[in-house]
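Below is one structure, written out as structure tokens, with a few remarks after it.
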Amino acid sequence: MAALLETHDLCLRFGGVNALSDVSLSIEENSLHAIIGPNGAGKTSLFNCLTGYYKPTSGTVSFQGKDITRMSAAGVASLGIRRTFQNIRVFPKMTVLENVLAGAHLRASSNLLSIIVGTPGFRRSERQLHEYAVTSLEFVGLGEQATKFAGDLAYGMRKRMELARALIADPKLVLLDEPAAGVSSVEREELSRVIRRMHDNGVSVALIEHDVELVMGLATDVTVLDNGRIIASGPPYDVRNNPDVIRAYMGRSRK
Amino acid sequence: MSRNLVADKGRRGVLSTKLPQRGAILVLVVLAALVPHMTSDAYYLSVAYQAEVLICLAIGLNIVVGYCGLLDLGFAAFFAIGAYTTGLLSVDRHWTILATIPPGVVLAVICAVIIGLPTLRLRSDYLAVVTLGFGLIIQSIANNLTLTGNATGIYGIPELTIGSMVIVSATSFYYVFLVVLVVFVFISFRVRNSRIGRAWLCIREDEDAAQAMGIKIHRYKLYAYMGGAVMGSVTGALYAPALTAISPPSFGFNESLLILMAVAIGGMGSVWGAILGGAVVAILPEAFRQFSQARLLIFGAILIIIMMTRPRGLFPEGAFRGTAKRLRERFNDRSPPRPLRPSPEAAVLDAPSEGP
Amino acid sequence: MQLFLSELANGLFVGAFFALVAVGYSMVYGILRLINFAHGDFFMVAAFVSYTILGAVAVGHAHLVWFTVIWVGLLVMFLTGLLAVLANRLIYHPMRRAALLSLMIAALGLSQVLENGVLNIPSWGSAFLTYPVTSPASGFTLGPTHFTWFQLIIVVVSGLLSLGVYLLVSRTLLGKAMRAVSEDRVAAALMGINVDLVIAVVFFIGGALAGAAAVMTGVYYGQINYLMGWTVGLEAFTAAVLGGIGNIGGAVLGGVVLGIAQSVGTGWFGAEWALVVTFVVLVLLLWLRPTGILGERVARRM
């Protein structure tokens, strides 16, 4: 399988802190790649580098062979990479439907004249977008919430809405930052099912997660970060039994 | 997976791309058209069309501040550019008023790009101060150049002719600005319900998340600022012949502040809010005429109180949501639509979830 | 050359005022991300209050005038600090959860209230009022230019106050708390920092500095007017941005640079272009070096 997103010796430094050191990983096409590690390991910083929010101090990021290290966040998104955020960032004063429509920004008609005049072409394009939005919402089970303001939704629903918003763009790769954090076990199962369904539909997924059980059940590949470095990488079972990984999670032994 | 939402509501519901609130617009236009018939007093008519001018400006500023969330404290500059371009070209060069509108708009947009390009890259707060400065600079230029008539300004601006009609009286300007107002409202709604409007709202709500959607935030911020420039300058261009004489004091920070008040008080991000706010702010000074000195003091206090109690204005977007539906139900005497049949997964998902 | 040097020197003194007001502006912005448009008006109110107090107190007693100015100055600093704290408590604090846009508009409203409030108080009004105390012309000569003692005092006082604030922020525990709140309010609160108190202190310091600047301005220029706060506020904010917002040293540097730019600029173009000079400087700066001369100190959370 071809590598979809690769990093090579990625380093990220903030003042005196080495958030990432020599991170070289490869997310394969059609994989479900989990990135795990203790808190502060640099997982979200990694995502931020991958999606153009942070510019790494050194190293490269490439997508489908193309160097995207210095690309802007909007540029990365236009390549078909979508992400969710750790502290879910919805657009609170927009309706759920509009939030999802926003995700389809790049697929929408942008000709000012046809917008103002309201040409049949524009109307058709908008109608189609609305249909996609509804489909995405129903995929995550939020069909009824379309007209509510996103800010009024419950936590779990907002997480699902973020997913719908990412999906409507028909992305090649979705990066999920702790999708199951803070939700009930029932929600977690359903989210897990949605993610698997996404994956089955041909979307490559990379996800940051703390819930090791969730990860082991879902992932095709796992990479473990600790203190900004990769300490293990490979199929879930191998990683799980890796002594370095266990030590990282359990803490350093007193020597 | 069922398509209940689409099937139940039909094309007209969720998927409707028709202009929202068309009925309300129609009612408004009809009512507004009747106003000149209610009074023949030139004073009231002039207040009426001045109110319309302020509303037009507020709708323009609503795009910048309301939709895109950019605090613009110098909107009167675009108003001035439109008015002065019209004044200069029509008086010195004898252009017809209508012909002077495009150059004014072009100039305003160029200025918007010059000011906006460096500033919009940065945090939006800086834009506030830069726009403030821009407003002052334009006013200073108008005040200090002999070309623009220094402190006396430009007078003797010819009348507006549209085809064979000559627009001179307050009543006819009332109708002219009413048309402009309706066009602005129409454009606002159309653009709001397109990818451009949605992009603006996303930028306003959360710039970082907006970028994750592929929205080029700097470009769209500039578009919003340019959109405001267009509306401001068009309004200014038509204001010049209405007053026949323009001078710098009408285009200063106080004016920018009044327009901002109209948007902030009326409701940010809402065209209706801009209309209501504009009407209120235009009419209030007349009502408070006797307290002329303390007027601004009272306005300032009102502004503070409203910002504290209703930070998004009296009628922000969404304030009227559901009103049309409720009215329709009331009149058709129908029970509200039954809840959609949920999909099996949804039943599981909507079980109470705990979470932060 | 003689003219240029004196313009330069004049710019330095004007800059000292900007610097003091700019530091306050910068600190409030640094901690709240709020452009407090009313800050310049705190300065203006301080000028008027000091005008009234000095007018009542410094009658005759020529040889006691300086002593009076000092204690009135300190009093006014305290009162202006209090005014700033009050503005925060009554307006900004209750609005802390609202969008920044709404906060800034409320600040604009407060600015209008203060300006027009002063305008409507009978003994004040819209005219230019003569300050009861004027600076003596006595001074010394350094090279080709002549400086007055008071000008030296301005620079020294401004310098000391700014230094004091800088030391407060960088060396004391309170200062550390301020920096923490400025970076991450929630985390600071979780660390046990009384965020509201810290914010109040920042407002107090900003107000006090503005009060000091106001008294010195009154003495130096001899005149006050209800609109003086507005222009100074604008210039002070420009200075703060110029030097790097959130950065105290930057605010001071920015104030001085702007003062000089203005002084030289109005020398060339004329006084009515003063504000235009300010804004052209600002726009150019934002184009070329958006983080200011010394760099910003505001955190950005992803």
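To keep things simple, chains are lettered A, B and C as they appear, and every chain counts its residues starting from 1.
Keep in mind that, in the parts below, contacts are C-beta pairs under 8 Å (C-beta built on N, C-alpha and C of every residue); 3 or more make two chains touch, one makes a residue touch a chain.
Because the structure is predicted, anything quoted here is derived from the model rather than measured.
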Chain pair, most C-beta pairs within the contact cut-off: A-B
Reference chain C; chain at largest CA-centroid distance: A
Euclidean distance of C-alpha centroids - chain A vs chain B, Å: 37
Chain centre separation in whole Å, for chain C relative to chain A (CA means): 46
Numbers and ranges of chain B residues touching at least 2 other chains: 208
Set of chain A residues in contact with two or more other chains: 53
Chain C, residues touching no fewer than two other chains: 302
Complex interface listing, chain A residues touching chain B: 51-53, 72-74, 77-78, 82-83, 85, 89-94, 97-98, 101-103, 105-106, 108-110, 112, 115-116, 118, 122-123, 126-127, 130-131, 134-135, 137-139, 141-144, 146-147, 149, 154-157, 160, 165, 169, 182-184, 186-187, 190, 193
For the chain B and chain A complex, residues of the former touching the latter: 1-6, 14-15, 17, 19, 186-187, 190-191, 193-196, 198-199, 201-202, 204-206, 208-217, 269, 317-318, 321, 339-340, 342-343, 345-346, 348-356
Interfacial residue positions of chain B with respect to chain C in the complex: 65, 69, 71, 73, 115, 118-119, 121-122, 125-126, 128-130, 132-134, 136-137, 140-141, 143-144, 208, 257, 260, 264, 268, 293-297, 299-304, 307-308, 311-312
Partner chain B, residues of chain C touching it in the complex: 29, 33, 35, 91, 94-95, 98-106, 108-113, 115-117, 119-120, 234, 237-238, 241, 272-273, 275-276, 278-280, 282-283, 286-287, 290, 302
